[in-house]
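Presented sequentially are two complexes of subunit A, the first with subunit B as partner and the second with subunit C.
This part shows the complex of A and B:
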C-alpha cells in the first residue's frame, strides 16, 4: 500500500524538477520582480473591480487624474516625503538584519517630541522648526533603546519587542491627547495647532513642501552611508554573514546598534514630517499605515535607497487614489492596505523564480 | 474578597483566546514554520466568526466557519513559506497586513462592524455555581473554556503519543533526517500550519463571538503578538503555554477590575499593562536558560538536495 503511494508521487514529481539557481543576472532579477509587481497590480485591479469600480474609472483615478491634476501631483509628493523617510528607516535596519517592526511606535514618539517643542514654545521662533526635527529624531531613537538593549544583552527578538512597544506608544499618545494636550479650543483629542513657525512650509517657487527636500537630502545621505562609506562596507559583511563579520574584526554589536538607532531616528523624523508637514498638529491617527508602508517599501526596494524613492512614489499614488476611492466610490481605505499586502505577496512569491529553476523532465 | 472573586471569574474568558492562539502557534512552529502572522489569523477568525453569527445565527457554527476561513488563509501562508520558500518573517508580517486590510474591507462592505449580537451563554451547572468563592470561578464559564482544557490534553496526546505528532516534530527538528526516513516535510508542515492556524483563528473568533459579542476593526489589539511571546515563554510546550495564558488572562482581567473599584490609575497606562507584562516575561524567559527550546529547524525553509 505504502509502496504504491510513493511510486505515484514520484511519477508526479518527475515531470517537474526543481533546481536551485546559484545566481541570476541582475537585469533578469529585475524582470522577475517586475512581473511579480504586475501580477500584484492585476490582482489589485480585480479586487477593485469586484468592489464596484469599473475598469475605465480605475484608469482614470490611478493614472490620468494623478498625473494631470496638479493638486493630485502635490498630494502625491507631500505623501511621498514621509513615505520615503520611513522606507529609509526600515531599509537601514534591515541592512543589519535588524527587523524594526516597531516603526509606528517610533513615528509616534518622534511626533510627540516635535509637539513637546511646539506646544511649550521651546527655543527661539526662527530656529524652532529645526529643534523640532532634532528632538523628533532623538525621541524616535530613544524609543529604540529598550528593544536594542533586549536584543544585545538578552537575545530577545526585536521583532516582538519593537512591535509591542507600538501598542505602548499608542496608548501613551492617547493618554496625552485625551489629557494634558487636548485641544484647548475645540477640546477634540488632538494637540493645539502648531504656530506658523512650527510648520514645514512650501517652497514658494516650486510649490512643494520642504519635507520633500528633507527626504531627498536623507536619501542622498543614506545612499552615501550604505554604498560609499566604510560603515556601509562593514554593514555588507554584517548582512551577508554575521560570524564572518566578527572574524574580520567588525564589532557586530556596534554595527547593529548604529543601524537600529538610525532606523529609530529616521522613523522619528517621519513623525515630524507628518505632524509638521501635513497635519500641523498631533492627531490620534496620524501614523496609521506608515509603519506598515515603511516595512513594505524597504522590502520591495531591497533596502536600496534609490528604489525606496520609486516605491514610495508608488505608495503615495496608491494612497491618494485610495482617498479618492473612499470619497467617490465608498471603498474603505483598508483597500489600500489590502492592495499593498497583495503586491508584497506577489513580489515575494516571484522571488521563487530567482532562486529556483523549474525543469520539465520527460 | 469580592474583588478577587470578580477578578478570577473573568480570568478564564481572557485566558482562552491567549491559550488557543498559543496552542495553534506551537502546533505550527513545532513543524519548523515560524508564524508571525498570528495577529492576522486572529483578526480573520474574529471577523468571520462575528460575520457568520450575524448572517446565520448559530454561534457554534460560526466558530467552525471562522476556523475554516482561517485555515484557507493558512493555505496561502503555507504556499508562500513551504512551497515557494519565501522568507518566513516577511510572509508572516504580510499575513497580518493582509488580514487587517481584508477584515476591515469585508466587514465594512457587509455592514458587520459595531453590530452587537447574542453569543454563547454560560454552561448551567445548577447548584455548583453557588458554592462560595470557587463556584463562580470554576462553574460559571462558557463551554469553550472547558473545551480548551480538553483541546490542550488532546494536543499533548497527539504530539507525545502518536505517529503523526512524531512526524510533525521530526520535520520541525531535523527535516533532512525526516525526509530521508520517508516522512514528507511539505505535507506535514502544511498539516501543522493549517491546523495550527485554525486554532489561532478560533482564538480570534472566541473573542468576537463569545467574549465581546461584537466585531470592531482591529479588535484583537495585539493579542496575536502576545501569543507569539507566550510561545517563547512556554518554550514550545503545551502545558506551560496554558499556564502562561492564564497568567496573561489574570493581567487582562485585572484592568477593568481596577477601574471598577475606583482606583485612580490613568486609563491608558492600565491598557499598556499586557504589553509591558509581555516584554518583562520575554526578558525574564531569556534570562533563565541558555537554550530556548525552539524547534531545530524553526524559520528555515526545507530545501532538498534535488535528485534526478
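This part shows the complex of A and C:
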C-alpha cells in the first residue's frame, strides 16, 4: 500500500539532527570563523606543497619574511590600502542589499578620472592630488548611476547591469590607453607618468604611503555611519526586510541610492589610490586582483568595516607572498587566486556552524 | 465529578483503544537550546475523527504538529502509525504516510499560479499530464468542499484566505489520510469556516482524520469530536466537547478566566479622518477599490468587515502610504489631505498602521527585539540624533516596553525577533507603534493568529487609543471581533463600503452585505 519502509530504529546518520541555532556569542562566532580560516590555510599550504614549495619555504615566505623584512611590510601596507577601500565599497553596497558586482568597472573609471586631472594638469599643482581624489570618487559614482537608475525605475537586477558595465569600462580603458593616452615617450599602452605633485607620497617619518592613512580615515567614517548613525540604523532594516522598512517610514529609494553611490565612490577612490599611490600612471591591468577581491573581502568581513581591515591585510600578504612565489618558485598567479578561493569557501562553510547546531537524538 | 471522569479517561493511553486508533505520539520531548517546547507530550488520533488541538500561543501545539509532519525531529519519544512504530525524520516521510499539514504561514511560491503550487507538491509523471490530472482533481475537491478559487492566478495576487484554500487543496489533492490544519480559520469568515469544517467532517466520514490547531473555543466546541488542550509545552487533557463548556475549557487553556466584554465609546467627537471616493485599478484591470468612502470620528472605532480579497489589502496599503490610489482623497480633518504623504510623514502626523502580514510589514525577523522596537523612535529622532543613535537608551526603553506590553518569551534584548511566537511578535509591533502615542490607528486583522490573552491585550490598546480621543479603523475578517470592538462598522465588498451599521447590529444583515446582498 505504501512504499515507505516502516522503520523504528534510526541509523547512525539519522542520530544526528541539524537544528537552527538562534544565537551564538560573538566570541564563539569568531572562533568558528577562525577555524574555517585555519582549515582554508592548511588546504592552501597543502596545495602549494604539492606544487613544489617546501613547508619551510612556505613558512619563510608567508610569515617570517613578511613580518621581518621592512620592504615586505611596506609592500603589504601599500597593497592593503586599496584593498581596504575596495572592501569598504563592497560592504556598504551589500549592507543595503545592493549587490555591486561592478566594482572593477568603478575602480577603472575612478582611475580614469584621476588621470584626466593628471594628464591635462587641471587645477593648481598644490591641490591637484586632492582634485584627483575627488574626481576619481565622482567618476566611480557616475559609473554607478546607470545601474542604479535601471534598478530603481525598471527593477533590473544590479548584479547583471554592474557586471556588464565592467567590460565596457575595461574596453574604454583600452581605447584610451591604445589611443589618446598612449605614453608619448615609450608608446606603451599606459598613460604618461604622473608628475610628482600627482602622486601619493610616503609620510617621511613613518615610511608608509598616504593612501594607508586615507583608508584608515575611510574605515572610521564608514564604521561610524554603519554602526552609530541613524542612517546605519535604518540601513539594517533595508537589509533585513525592505517591505517593513518602507512601512515604518524609511525611504527605501534614498537609502539604496546613497549606499550604491557611496559604493561607487569608494571604488573610484580605490582606482585613484592604485594609480596615484602604487603605479604612478594608468596601466591596462592595474585593477587586476582588486575589483573582485573587494567583493571577497566584503563577504569574508560580513560587511563589517573593522573586519575589512583584517581581511585586506590577509589578502595583501597573500599578494606579496604570491609575487615572491611567482618570481622565485615559478608558481603561477592563478595559484594565488586558487588560495583566495579556497579560503573563501572554507570561511563560507564555517558560517554553517554559526547558524546550525548538531544535535544527537535518541 | 466530571473532572474526575475526564482525568481518568486521559490517564488511559489512547493506544490502548486499539480499535480505531490511527496515530499515536508518545512521550514526545522537543527542546530548542535551553527552551523546552514540548515536555513529554502524548497524543492519540482516531480514525475518522475531527480532533481539535487547543491552547495559547506558544503552548506547543504547532511544535507538536511539526514533529508529526517531519519538520522538527523530536529529542525523544515515539510515533506509532496503525500500531507500528514509524520514524518521521523528514517531511517526505510524513507525506508518504499520508500526513499533510497546512501551516499557519503558507508555504507557497508567490509567483506561481495556484495550480502550479499544487503541482509542485503533488506532481508526478509528465508535466502536462499531471497538470491536467491535478486540475481535474482540484476542481473536483473545490466543488466538494465549496471552495471558490481561480486556479490559474498567481498566488501573489490572491488574498490570504484564497492562499489558504490553495494550501488545503495541496494536501487534499495528495489524498492525505491525516490532515493537520494550523489555525485554519484565522483568516476565514464565519461562513467560510463553517463550509471548511463541513468539508472536514465529510472527509472524516470517509475515514480520514483531521487535526486542527486553534485557540478559538467556539470552533473546538462546535466542530471537534475530541479536544486536546495544551499549555506551556505540556498536554493538559483530552476531553469530549460534551463534557466541557466554554468556561471550563478556558480554565484548562489559560488556568484563569478571561472574558472580554464589549465596551462602547463614551464620547464620540468631531470627524477625524475622512476617506472619499478612493479607487484603484488592480492588475487584471478590475477595480480593487471602487469609489470607497468612509468617515471616522475621534473617540470611535470604525470596523470594516468583509471577506478577504475584497480590496482590504489595497485599502490598508494606501492608508499606510505604501501605495497610491488612482483617484480619491484622504483627509485628516485638522491637517489636510494626506493621500500623497509618505509613510514617515504619516507617522509624524500620528497615523500608524498595523498590517495583517506581520512577517512582511510588521517586523524584521532577523534583527533584534530592541532594534525592531526602536526603529520608529530612531527615525523620529527619539534616541539620539542623526549622527549618533544612543543604544543604551534604546535598550532601557525596549526593556520597559517589554514589561509594559507584556511581551513574553524574551530571553535577551538582542534575541532575534523571529523567535517570538505570533502573539508576542504582535505585541512587539503594538509596543513600537503605540509608544509613539498615535491619534489615528489603522489596524488590519491585528489579532490574526493570536490567542485569547494576547488578543484581549491588543484590543485593550485599541480601546485605549479610542478613549484618549483617537480614531481607530479596524479592518478585519473576523466578524466577532468587529462586533465586539467597534462603535460603528462598514461592510466591504468588491472594493467599496456597501453598507454601514451602528453596533450592535444584526449578524444576518451584515452577513448578507458581506456576500453582496445588501
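The rule is simple: the second predicted complex is superposed on the first by the 347 of 362 C-alpha atoms of A that agree within 3 Å, B and C clash if a C-alpha of one lies under 4 Å from a C-alpha of the other, contacts with A are read in each partner's own complex, and residues count from 1 in each chain.
Everything that follows uses one rule, which is that contacts are C-beta pairs under 8 Å (C-beta built on N, C-alpha and C of every residue); 3 or more make two chains touch, one makes a residue touch a chain.
Fair warning: this is a prediction, and the values are worked out from it, not measured in the lab.
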| item | value |
| --- | --- |
| Partner chain in contact with A:111 - subunit B first, subunit C second, else both or neither | neither |
| Subunit B versus subunit C as contact partner of A:317, first or second or both or neither | neither |
| Touching partner for A:248 - first (subunit B), second (subunit C), both, neither | second |
| First (subunit B), second (subunit C), both or neither touched by A:19 | both |
| Which superposed partner A:234 touches (first subunit B, second subunit C, both, neither) | second |
| Touching partner for A:150 - first (subunit B), second (subunit C), both, neither | first |
| Subunit A: partner with more touched residues, subunit B or subunit C | B |
| Which superposed partner A:167 touches (first subunit B, second subunit C, both, neither) | first |
| Contacts of A:348 with subunit B and subunit C, given as first, second, both or neither | first |
| Interface residues of subunit A shared between complexes with subunit B and subunit C | 6, 17, 19, 361 |
| Footprint of subunit B on subunit A - complex, ascending | 6, 17-20, 51, 99, 101, 146, 150, 154-157, 159-161, 163-168, 171-172, 174-175, 178-179, 292, 295-296, 299, 331-332, 334-342, 344-345, 348-349, 351-352, 355-356, 361 |
| Contact set on subunit C toward subunit A in their complex | 32-33, 73-76, 78, 81, 84-87, 89, 93, 96-98, 320, 322, 342-347, 353, 355, 360-367, 371, 374-376, 378-379, 381, 384-389, 412, 414-416, 419 |
| Residue ranges of subunit B in contact with subunit A within the complex | 36, 76, 80, 84-87, 89-91, 93-94, 97-98, 100-105, 108-109, 182, 217, 221-222, 225-226, 228-229, 232, 266-269, 271-272, 275-276, 278-279, 282-283, 286-287, 303, 306, 308 |
| Sites on subunit A touched by subunit C in the complex | 2-4, 6-10, 14, 17, 19, 21-23, 228-234, 236-237, 240-241, 243-251, 357, 359, 361-362 |
